[in-house]
Every structure is written in C-alpha cells, then in structure tokens.
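Just below is one structure, and these are the notes that go with it.
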Amino acid sequence: MELWRNRCVKAAGKRGPVIATVLKSNDNAEVEPLCDRYARVRGLTLALAAPLSDADSTIQSMPDASPAKWHLAHTTWFFETFLLRDRAVGYRGRNEEWAFLFNSYYEAEGPRIARFARGLLSRPALVDVLAWRAQVDEAMAGLIGRDAETDALIALGLAHEEQHQELLLTDIKHALWRNPLGPAMWLSEGRAPVDLPSTGWWQHPGGIVGVGHDRPGFAFDCEEPAHEVLLRPFALAQALVTNGEWLAFMADGGYSRAALWLSDGWDRVRSDGWGAPMYWRERDGGWERFTLGGWQPVDADAPVSHISFFEAEAFAAWAGARLPTEQEWEALAASGDANSGRQLDVAGPVDPVAEGAPSLFGNCWQWTRSAYVPYPGFRAAEGAVGEYNGKFMSGQCVLRGGSCATPRGHMRASYRNFFQPEKRWQFSGLRLAKDI
Amino acid sequence: MELWRNRCVKAAGKRGPVIATVLKSNDNAEVEPLCDRYARVRGLTLALAAPLSDADSTIQSMPDASPAKWHLAHTTWFFETFLLRDRAVGYRGRNEEWAFLFNSYYEAEGPRIARFARGLLSRPALVDVLAWRAQVDEAMAGLIGRDAETDALIALGLAHEEQHQELLLTDIKHALWRNPLGPAMWLSEGRAPVDLPSTGWWQHPGGIVGVGHDRPGFAFDCEEPAHEVLLRPFALAQALVTNGEWLAFMADGGYSRAALWLSDGWDRVRSDGWGAPMYWRERDGGWERFTLGGWQPVDADAPVSHISFFEAEAFAAWAGARLPTEQEWEALAASGDANSGRQLDVAGPVDPVAEGAPSLFGNCWQWTRSAYVPYPGFRAAEGAVGEYNGKFMSGQCVLRGGSCATPRGHMRASYRNFFQPEKRWQFSGLRLAKDI
Amino acid sequence: MELWRNRCVKAAGKRGPVIATVLKSNDNAEVEPLCDRYARVRGLTLALAAPLSDADSTIQSMPDASPAKWHLAHTTWFFETFLLRDRAVGYRGRNEEWAFLFNSYYEAEGPRIARFARGLLSRPALVDVLAWRAQVDEAMAGLIGRDAETDALIALGLAHEEQHQELLLTDIKHALWRNPLGPAMWLSEGRAPVDLPSTGWWQHPGGIVGVGHDRPGFAFDCEEPAHEVLLRPFALAQALVTNGEWLAFMADGGYSRAALWLSDGWDRVRSDGWGAPMYWRERDGGWERFTLGGWQPVDADAPVSHISFFEAEAFAAWAGARLPTEQEWEALAASGDANSGRQLDVAGPVDPVAEGAPSLFGNCWQWTRSAYVPYPGFRAAEGAVGEYNGKFMSGQCVLRGGSCATPRGHMRASYRNFFQPEKRWQFSGLRLAKDI
Amino acid sequence: MELWRNRCVKAAGKRGPVIATVLKSNDNAEVEPLCDRYARVRGLTLALAAPLSDADSTIQSMPDASPAKWHLAHTTWFFETFLLRDRAVGYRGRNEEWAFLFNSYYEAEGPRIARFARGLLSRPALVDVLAWRAQVDEAMAGLIGRDAETDALIALGLAHEEQHQELLLTDIKHALWRNPLGPAMWLSEGRAPVDLPSTGWWQHPGGIVGVGHDRPGFAFDCEEPAHEVLLRPFALAQALVTNGEWLAFMADGGYSRAALWLSDGWDRVRSDGWGAPMYWRERDGGWERFTLGGWQPVDADAPVSHISFFEAEAFAAWAGARLPTEQEWEALAASGDANSGRQLDVAGPVDPVAEGAPSLFGNCWQWTRSAYVPYPGFRAAEGAVGEYNGKFMSGQCVLRGGSCATPRGHMRASYRNFFQPEKRWQFSGLRLAKDI
C-alpha cells in the first residue's frame, strides 16, 4: 500500500494533494484518501474471487447472473473506457475486441455480447483478465488526484466496482447452488454469535422530512436531488423478519392462500412452484439453506433472506402489517435512532450465519413498497455515464439498507438499490412497517 | 325507462325513495337516481355491442383482450354473484357452470377458465348471454334501493360495467384490426370539427395539496384514502401531444436512438419492432391508423393515441420535458383551470376523429410517471370484492384523464387507471410536464 | 340432383358425355359420374357443418386445427383458384382479399394469414362463405366434363375436400372439447351394435409384393409410383387394439415405464402429462371420453382412438409385438382377406359408438412404423398443385386404413395418411404386427 | 503401451490370450488386440482434449452440445457403470454423486442432471475428471480378456467413446465459434493438397442386395439384423457436393425459393434466418468459415459441410437430383468400387482444409433421405445398454460415411449415424443420387 501510495503521489506530481473521499457511509464522514480507497476496493475484488478456479469464474447459471470473470473484467473495462481512454495520454487498451465482451449495457459505447452469452467466454482466461486488471491499475495511478472531475469519475468507478463485488457474490452463490455437488466457496468458520432479534418498533411522527443525498461524499445520480416529502406518522420494526417467523408463515399456508398475494405474485407462486425462500431445501424433516459455505441448517433467529418483493408483500399482509415506503425508511435511518448497524466485512470469508444478524443496515437488503422512479427534478448525466441508473426506472422496486455482502463503506441512508419484484437471488429480506 | 323506474320503485316498496348517486364525475354533483343509472349503464353496454355478430362477439385476438360476449357475460356474472346470489331470495342462477366461464380473476370465487381460453367459447351463444342479461336485470329491479349497503354494491357493479364498456371497445378494435379485411365496427360520420391544439402551459405553484377521493359519490377503493402530498412548482401542457408532433419525433429518429429510452422500453422497441404508434400503417407515402370506423388517414392535429408508457417517456425525453406525476395531474385537474374537457358520448358510433379532440379529460388516457402503488393508509375491502384493485398494485403505471371510449360520467379527477408500461391497445396518449 | 346434372350436361355441351370417376375406394371400381360426385361431395361438407353456429364455425382451438368456416372456405378457394380462375372465361372471384385468408400453404399462390390467426376471422361471416360456395358451385357446372385434364383437377379438388371433411370433424371435436360445457355436435342415437373384436392374426408369407397405386381411379401423388418391395413373413392382428386392452396397459404402468417408450415419446409423456388417450377423463371411478355426441362412457370393446404414434409404439412394446410397416399393411389389404371393413357414412350424425367398430378399414387410422418418405421414383407435380404432398415428407409417420370420420369412397388400400408422431386429435388407433 | 499391454496380460492371467477385435472398418479385417485398442482409443480422447483449458472444457454453448469435460467424464462413467461396478470385485466408484452428473440418457440408471445444465459444472474440475479416467483405466486392465461377454461390452464402450470423440470436436467447435474472439483449437498446418473433385457417377444395377452388418467385428445394434432389400437401378455421384457448387446454389436464390424446400425446412429458413451453411460469414466480399483452426477462407473445391438435411434436400431439388437412400449408399459402398476413401487421423490437429477431401468415406457425413427406423426383425438388447440406439428411432434422418472428425477404424459400410433434419453442427454434407 505504501508503494502504491507513493506511486500515486508521484504520478499526481505538482498537482497538489491527493483528494479525499468520504469512506464511511451512514454519513459518519470518516475520510479516506482516494488512492488508498482505489487500492482497497480493487484489492477486495481480487480477494473475493481468490477461491475461484478458471472454470468457476467462467460459468453463468442464469441470465440475471454474470460470471465472476466477467465482473472482474467489466469493472476494469469501466476504468479503461471512461478514464484511461480519454485522459491517459498514450494509454493503449489491451484488446479492442474486449469492449464488445465486457460492456454491460452502455448503448453509447456500442454493441455488446448478448447477456446470456457471457457464460460462453472461456477465453480470455481468468489469468488474462487478472493481467488486464494489473495493467489498468498501473495506468490509473497516473490519474488519481489529477483534477476534481477525474477524481469524481474515479469515485464513481469505485462505487460501481463495489456494486459488482456484491453481485459477484450473489451470482457465484447461484452458480454453486446449481451444481448438484453443492460446493462451498469457502469454509464456514463456525457459528457467529447472533443477537436476539429485538421485537420493538421505532416510531416516527411524520411531517415534512428531507429525502435524498445532500452531504459531501459520493452518491449515485438516482439519490439526487435531495427534496422534501410529507409523511404520515408511522413505525418500523426494530428487527428484520426472521427465518422462524417465515416458517410460521409457511406453516400457516402462506404460499397457498391467494388472498395474501398480489396478483402477479400469485401467478409466480404457481408458475415457479414457490413454497419457501430461494436456496432452501427440506432434508430429514428440517430445512437447510445453501450458503457460500455450502448447505447449512436454517437458523430460526437469523433474518430471512432470498425472498422476492412478492413474498415480502404476502408476509406483511399475513402479519397484519405492510412494507415501508423508501421515504419512511430513509427518514428513520437519518433520524439517528436506528443507525447502529454492525458493519460487516466481506474481504474475508462471509460467515454464512452472518448473512443475518439483526440491524437496520447490513444484514439484508429490505424491500420497500416504493417503485423505483426518479426523484422530483432528477436529470440523467450527459454521455454514456448518464446511462448509469436513470434508464432502469421502470418495473423495479426499491430496496434499502445493505446486506452481509455489501462492502464496508458502500452503505448509506440515501442509497437506493432496486430489483424486479420477482427476483430472489440477492440477499433480500424485509422489515415490517405500520401506520400509527 | 318509465316502466323500469316503476318496477324498481314498486320492488323497493315501502323502503323509502330510491337513492341517488352522483352522475357527473369531475365532481359537478349532478344527481341521477340509481334505478335510472342502472338502466342507462346496462343499456349502453347493449348499444355498444349491437353491431357485433355472434362470431364477432366470440373471438379473442390476444390474451390481454377479451371477447365482447365475455364482457357482456362477465358484467352480468358480477351482479348475479355479488348481489343476487346472496340478497335476492329465491333467485336461481342461470347455469352454475357459467361462473367458471365468466369469473375474471376473483380467487375467492373459485377456479376459472384460463384467460386465453375465453375465445374458445362459441357456447353459450350471444343470444343466450343476452337472455341472461335480461333475466338478471329483471331480478335486479327488486334490489335497487333496498338498503345503503346493497346500493353501494350496485354502484360498484355499474362502475365496473363502465370499465368493461371501454374494454369492450378497445378489445373489439384489436380483434377487427387483426382481420386483414379491416372491417369497421360502424361507419364514420365524417370529420368532426377539431379544435386547434392550444400550445400553452398551465402552471401550479406546488406546496401541500390534497389527493384522492373525498367527496360524496362513487369512487374505487384505490382512490382512497384522500391525503396530502408536497409538490414542487410545475407546469402541464394545455394540449395533448398530437399526431403531427409524433411524426416529427419519428422523423427525428425517435425510434432508433437508444439514449431516449428506458432500458426495458428500448428492449421492447427492438423485440417488437416498434416504429410508430400501434394501429398505424404506411400507405402510399402517408400514414393511416385503424379506427372503429376502419382505416383512416392520420390527422396531424389530433392527439396521438395507442402509445405505450415507454414511448411516452421517450417522446418526453426527446421534447426536453417529462411526464407528470399522478399527483401533479390531479392537483391541476382539481384546481378548476383545466377542467373544461368536452364530454364524449359513446352510446352512438364513436367518431374516429373524435378519438382525439383536445381537453384535459376525455380524449386519451394520459400516462404519468407514477407507478400504481397504494395510497398511504390504503386497506383492501374484505371478501371477494376486496380483490378489486389492490392486488394489481405491482408493475403497472397510472394513467389519468379518460378517453373517447370512456363512458360519460365515469371520469373524475381522482380516477386512477393503470396498465403495464408496454401496453398499447388502450386509447393512451400523453401530456407533457415540466419543472418551473 | 337431377337439376344439377342437367345443368352440368348442358354446360358441357357438345364436348361429350360427362366423364366418370371411380367412386368406391378399396378398388371395387363402382363408377360414379363426375357431376354426381361433385354434387355429393360438396353437399356432404354442407351437411357436416349444418349443426354449427356462426361462432362455432369461427373459433380455432389450437394451431393444428382450423375453424369449420375456414374449411368451408378453403375448399372453395381451391376450386376458384385452381379451376375457375384460369379456365372459366369471365369468372370473377368473389373477393381478391380472400385468397390471403383461405390459402392453406401454397407458397406459389402468395402470402397468407398466419396459421393460428385463422380463428380471428369473424368476417367474412358464415353466411358469406356459404354464399361463396354456391357461387363457385354454379360456375363449376360449366367446367365439369370439359376435358380430361380439367376433370382430373376437379377430381383432385374433390378428394381434397374429402380430406377436409374429416379435418372439419376432428377440428370441431377439439374445439367443443375445450369448452368446459362439453357441448355435443349432434345427439348420439344410442348404442350401435359393436362386433366383438376378433382375436386372430392374418398371416402373409412375405416375398416381393407390389405397393402403391396402379389402377384406374383417383389417387394422390404420394401413392405413386407403384413399385415392388421385398417383405419378410409377417402377421397382422385381425382386430384393432381396444379400449379394454388400453386400460390394461394403463393399469400395468404403461405411462410410467420409460423402458417402453421411444425417447421423444417419453419426453412428451412427461412434458404434456399424458396418462390416458386424448379426450379421456376420469369421473366417478370410471373413464369417459369426449365424442361429437358429448361425454360418453368408455366402451371396453371398441377400438382405442386418439392416441399418438408414441403411445402406439409403447403399447406394442408392452404387448410384445410391434407396429406394421406401411408396406406390410398394404400388402395384406390388397390380398383380399382383410378387406371386409364396414363402410361408415358420416353424412348423418356420427354415432359416437361407431367411432370404433372393428375392421381393417374404417374405424381408426392405424399408425405404422413407416416414416412418410417418397416412393422410389417419386416426382412432385409442376406448379402450385405440386406442393400437395411432397413437401411434407419429413418428420411425419404414415397411417393407413381410414376412420369413422373418413368419407365413404375416400379410403383405399394404397392411401397414405400422415401426421407427426405426437399428434392425437385425429381418430388414430393401432393394429399390432409380428414376425413369423 | 508395452507396459499397459503387460499389465492387461498379467491381469487376464491364465484366462487365455487377449481377444482381438476388428480394427479397420470398411471390413478390411485388420486385427488389433483389445488391450491395444483400449489404450489407443482412451488415449486419443485425451489427446483431443489436450489443448483445452479448465474453462474451455466446462462451457456448453447449446443444449445439443456437451462440454468437453462432460464427454471425458461420461465415457468414463460408461466403463465404471457397465463394466467395473458389476464385474470388478472390490472396485469402488470415485463418487456416487457423479452418476447423476454424467449419465447421458439411460433411464434404467436413474435420474440425471438436465441436459442444458451440463455447462454449469465447474466442479469436478478438469483435473479431477482426468484423475478419474486414470483410475478407471487402471481398474479396466483387470477386465480385458476375462471372457467374451465382458470383451464385447468393452468393445461397445470403446465404440461409444469413439462416437464421443467426434462429438467432443463438433461441440467444442461450436463453443469456440460462439466466442466473438474466434479462438482456434489448434493451429492450421497450412493447406493440404486437395484432390480435385471427380465429377462422374457410380452406377448400380439394383435388384436384391444385402444390407446391415453380417461380418465379424463390432457393430451397433441398429445395424442388425442383416437383411435383403429390393432396389431399382440408381447412380451416386463420385464426389461430394463442394463449396463452389453451394455458392452457385446460393447465388441462384437457393435460400429464397420456397419451391425447392420441404415445408418444415422452409419454416426453418425463415425462423432461423439461414442463408449459408453454418459457420460461414461474409467478410470483405468473400466467405469465410469457422474451423478448429479459426476463421479460414472458404475453399471452393472442398466438400460443403455443416448443412442440415433440409438444405441437402433443397440443394438436390435445385440440382435436379435427389438424395440417396441409406440402402443405396450401403449397397454401393459394399460393392467395392467406391471404397477407396482416404482415412484421416484426428489424433493430431485436424487440418481445417482436410474437413473436405473427396472420398466416399471420411470427409463429411452424408445425409440420406432415409428416416432412422428399425431394420426388419430388430430387437433392442435387454437392460440399460438396450437403450443404446433403439429408443431414438423417431424424427431422425440417417447419415452415412463418416467425417474428418470420425476416428480411424470407426467407419464401416453398415454404419448408421442419425440426427434430426435441422441439425447443422455436425460435419454433415451430401452426395447426390439419381435414378437410371
């Protein structure tokens, strides 16, 4: 790290001190220099992929998921395309054909391989992609701290890479799960202590509250502009819904009572045969769930995860409650009362039990009943980077919080994650809300 | 009508005067007795179906659409099931197997025929369904005015039937369009005068405004509870976007520039080959559109119709504007300035030109950028009728206003229509909005 | 008929006597004048469609099937297109757009409506199609007997119409079956006497035998050229497999033992959930089957029908026998021993029991293990008519015999019917064979 | 090899000399000891897979194709399951879960992974599969020469492995082709000399000829029983159809004239957009084709390959000829005149030019117009091995000859290869036939 920092400082030359970016989300305003942050984020991606073989990193188990090798390459393509290509004098891309392979969805950057064909790329090999990462990192040293606009773009690239760190984990989990051998990504290190779920409610008086990002530090475009909304009084559960509560829902016919479900959700129950959260199976009279540490017994006290929005809605109806809106969630998160979540670090093996310790942040992404639509006054940025979030604002639901697989420093109260309502392969759970 | 009214009054007996329901939407509070309303609404359905043969009324041209005969039967099933079955002593349903055929989506009412199999029902014949309508109407005379709860349920049945009147028209239009012969439902009566589109903007100062239904008169469950929201200042275009403006969008590459589109919309452009609004075709260097009066030239001054939410969004991006939210739309509609729409009567032949005279209400349903989600404090009603709207609150966009095919008296400022963002077979257009 | 005959004779004028065509198949060489045959065949089509309403005749219940109205129109289109258009001076087609609607698959005759869209044609109405039939018949009177080539083409048109008579029945049966009300096409006239199935075998010594059509009278192109083949000694069962035998197969796990099935057949069993012949259902502990006379109990002594080639193969494997080849079937049919089938007349209501009296001809089409490939020396005819059979020679299996729905005079020993191996909506059964 | 042979001899012990199997197909009756044959065949599989990485060997590019690693494992599973499990005392399978992964289609051997999920198996890794192969080979040394029945089963296992050698090549070719980088499996060694195509015809007088396997040496079950058929006089082209001739077909509108095509073929042309053989692309005004040596110019003199049955039929119709029947092909191949094909060895890199030197055997598999049906008197073997060929006898066409990827010694005159008529990823071409 020392070496890297020196290289960055030297490359930045007379252009002044390396700029700082806000590290800790939740707005604690801890400061981390950008060059350190670059090294840390890029290094974490490598650490996460370390247990994977060439073949593990190549396969794609469904169109929603991408191969690990693809995540390694795509995040690198981002820096090469949006930073080095235009700003690093004399930089030569590794292979101009690779842009076709590793562009995700940027129409402005030209055509790209069909999404489901990502799993057909045995070449370039994992080792070739790792070499590319090293080459790009080397060249990036010369850009960090050059000017504010460049640094902002680098910060975007790093936040983007952190998103892909989580996706790398959710996607490889799916791929390993599809293998009948049930291989583990890493060994479980035994049972972590699980805090007993609290059962109380946090109350909020409603009124006009501020929503959206309005502080120093990085945020995605969709978190802006900050604005005010009018809320009614409400309460949020202090604990996430647990596996034990979910088992009660199942035992009470939760998956067979149409009246609990949205119409599209009920169709999905029948067409896809849902009867339990994703990654669960029944064995010897009990339930197991697949984790990155292989198959494990279901822990009744841990938060339920890998459920769809439709399931979350049905559970809430069964429980006589409802899902929060994203504005309610954020208002409470910003109020300070609920902001004591334990931060998890996924640089080491993810503890399969830790996929569920109770907290407002950091265990599961929490479905809200809010559709992912633009904030008042939202404008997409110009150019290819403007495709970042805005163009996905249809057909998706907002999730708030962050999960056990979300990198440290990537969560914040204004963060808006989003997925289609039927998706289940993310670490997604729910927190109940009610009117007061 | 006199005869019918007497029969109702006599059936209601000593139980007091026939209750009144609010006829005019837009809250003008014109009062129409329920028995008159019943006769008028049920009669309009018959009038709309009058030009259709047995075969016309039987076919189904896509899963989204239903046969006209099915609409005639389903609206009748509603009265038989939710009113007569439980409240009319001694009433015997026509055929207990028909419930399986004509239930739409009420899970609480048991299984039903697959949606796309509705077009396979050559039996019962049109004449049998018409006889059933007469039998049900006869029995209903004895229920009108019995008590407030019954009358409320009848009012719901009539509002429900009005919804199906519009669907009957949109669905048969689709079916006739699929016929290469391009048959007309009725003759066009020649060009109606079209008001020139106004080009100004209605302005609204924002602030806290009331949204939702809070007056006497009928409303659907999803329009409640009334509540307050906080708006920024905004403006709405006084005119709907016209065909002429749409042709300019097309000429400027609107359907081939990915940057204008939501991601899901752009996928749809390519998968479905969209290049113009639905029902348009190019002939001899010009554009024609299919109407209930057959193929007609596209009128540049008329509002564009039969576009999807995705197309509306792309047009707004191209025009440097945006779609309104449903709250903005309602706030302006309730403000009185914009409330001068010409009401159309579809009891006679729909004038194909009249599918487009400018007004806030009554020409096309107008896509908003609001997802169809529950209002704060929304609770679905108990029982089967509770399935009415709430269970569709995912994956749909709100439309406001009303169209040339919406029955007189069925529109109001708080009305929330909703469809999936890719649907185009409704009379759906757009009105631009902007921040001020 | 007298009137019609006079009109034909008069129209034929001095051109000589009306030519005769062979009426009876099975080569009994009974002679029927062509003008009589024309009137009889065209009239039978009308008689078959007589019980159908406008809506009945319009609907299409699956892509394989066509609406009855379409059959009525397509057979008429055949005469207008291939006879009247080129040979009747001054004849004007009813509507040039109709060719697009009623061409089945003749590429040389231009584009046509997608197969599954046939069920969307509420217009032209049934009454319009019937008027067209009358107009064409009137004009055809002037062509019959004009010259040998014209008469041969007319004979082809009539054989073609007879094929569609059977399809009209199989297709409307499917449509009525899809209706949950289970409507009957006509009333069953009670139980017909069923001959007890014979249990013996017809033996054939093998050797060089002739196959294919080589006599006077009409045959389709695929039955030619006649040629010789070398057969081993074999035997064919004198009776078709019965429903009772099929129930034994079912009871013995026939639908759940993979080893009995061809691989593609076993896939189909699982994907389509086959567990009994098509049109069967279990009621009150017994089995019923749907017939043109509605739902009827399964008669154990009647031949099984509505089974696929895959099911026939599995049954034969279970029974320790095999299916015959089409050459074996024809060799035996031509030998005279097996040729005593009772001819059925479908001009009146089809007796639902008669869908199964035992005979070599006339109960069910019988699957053979022969693929539908060209005979040695086969050449398709020139022009559009050449598309008649040759282009379907891939992926289909040959059936021999004829069914209860095959018109009198349309069966013959050389006749090759063909369908894909998974089809079940035809009146298809099986006759066992074995080596000796 | 010497070492291996000693081990086998020692293992066989007193049980007599190692039995011999016929090596050369085409019935030249060259004798190769079974232990040598085992070592040679198993070794060739390894040699073919040698250029592949862990990831290359894991991916699956379409359901029809299997991963190379799967081929390596499945052929090994065959020996473990059908030989070692029952006959090698004390043998322990490597991993009982692997049977679920590597069973292809043997219903009698229990359930198995869905075909398309074969590409999700990053574990076991390639190195694990290679270790398994070594373990099985070691154990097999003790079975070779034990008794005639065992040796016959081993010979079946080796013939089975030879089939998978060809599939390994056709499948990895498809996978590499799907990679936009167009990677080569091995380097092309430059242009091999191509014999000019001969243009004459081999004539055959017809009459009664023998068909099927009736000599010493190995054959698959479907090649038996040998029997006699009656043929008309015919001729076969001495040369396969070349790329140059195919270009002429294309230039003459071959892919756009419906009249040339079978109906199912024409549907496929339109649905799949066929306009040239598979693996062809247009570049800079000329045509290239993808080979295991990467993209290469199309050589006009080489035989065309990678065409479907439907394309072969259309070409033959265009050329005024037809495809041969499989009986004609075999009759001529057995006559000695045509039996001078150059044998190719694919143990070294396949020469991409050599995918096309003219000969009756060994360049491309040749589509016949014969459906794959059982020979008269065919009976499937008992047990799981009986699933070998018989259950695929529907919906497939016979190909004869052998290709550049068919192992030396695996071709013979009676060999019946078979694929569905639309498949193109095999090395499949055509040889014309005509009546004389």
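In this document, chain identifiers A, B, C and D correspond to the written order of the chains, with residue numbering beginning at 1 in each.
Simple rule for what comes next: a contact is a pair of C-beta atoms (placed from the backbone, for glycine too) under 8 Å apart; a residue touches a chain by one contact, two chains touch by 3 or more.
In this text, all values refer to a predicted model and were calculated from it rather than measured experimentally.
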Q) What chain is the most remote from chain C, judged by the mean position of CA atoms in each chain? A) A
Q: Provide the C-alpha centroid distance between chain A and chain D, rounded to the nearest whole angstrom.
A: 47
(Q) How many angstrom lie between the centres of chain B and chain D, each centre taken as the mean Cα position? (A) 61
Q. How many angstrom between the C-alpha centroids of chain B and chain A?
A. 40
Q. By residue number and range, which residues of chain C touch two or more other chains?
A. none
Q. Viewed as a graph of touching chains, is the assembly arranged as a line, ring, star, complete set, or other?
A. ring
Q) Okay, what are all the chain pairs that touch? A) A-B, A-D, B-C, C-D
**Q.** Interface residues, chain B side, partner chain A - complex
**A.** 105, 107-108, 208, 227-230, 232, 258-259, 261-266, 309-310, 313, 325, 369-371, 373-374, 376-377, 386-387, 391-395, 397, 421, 435
Q: Please name which positions on chain C make contact with chain B in the complex.
A: 53-59, 61, 97, 100-101, 113, 117, 119-126, 175, 178-181, 183
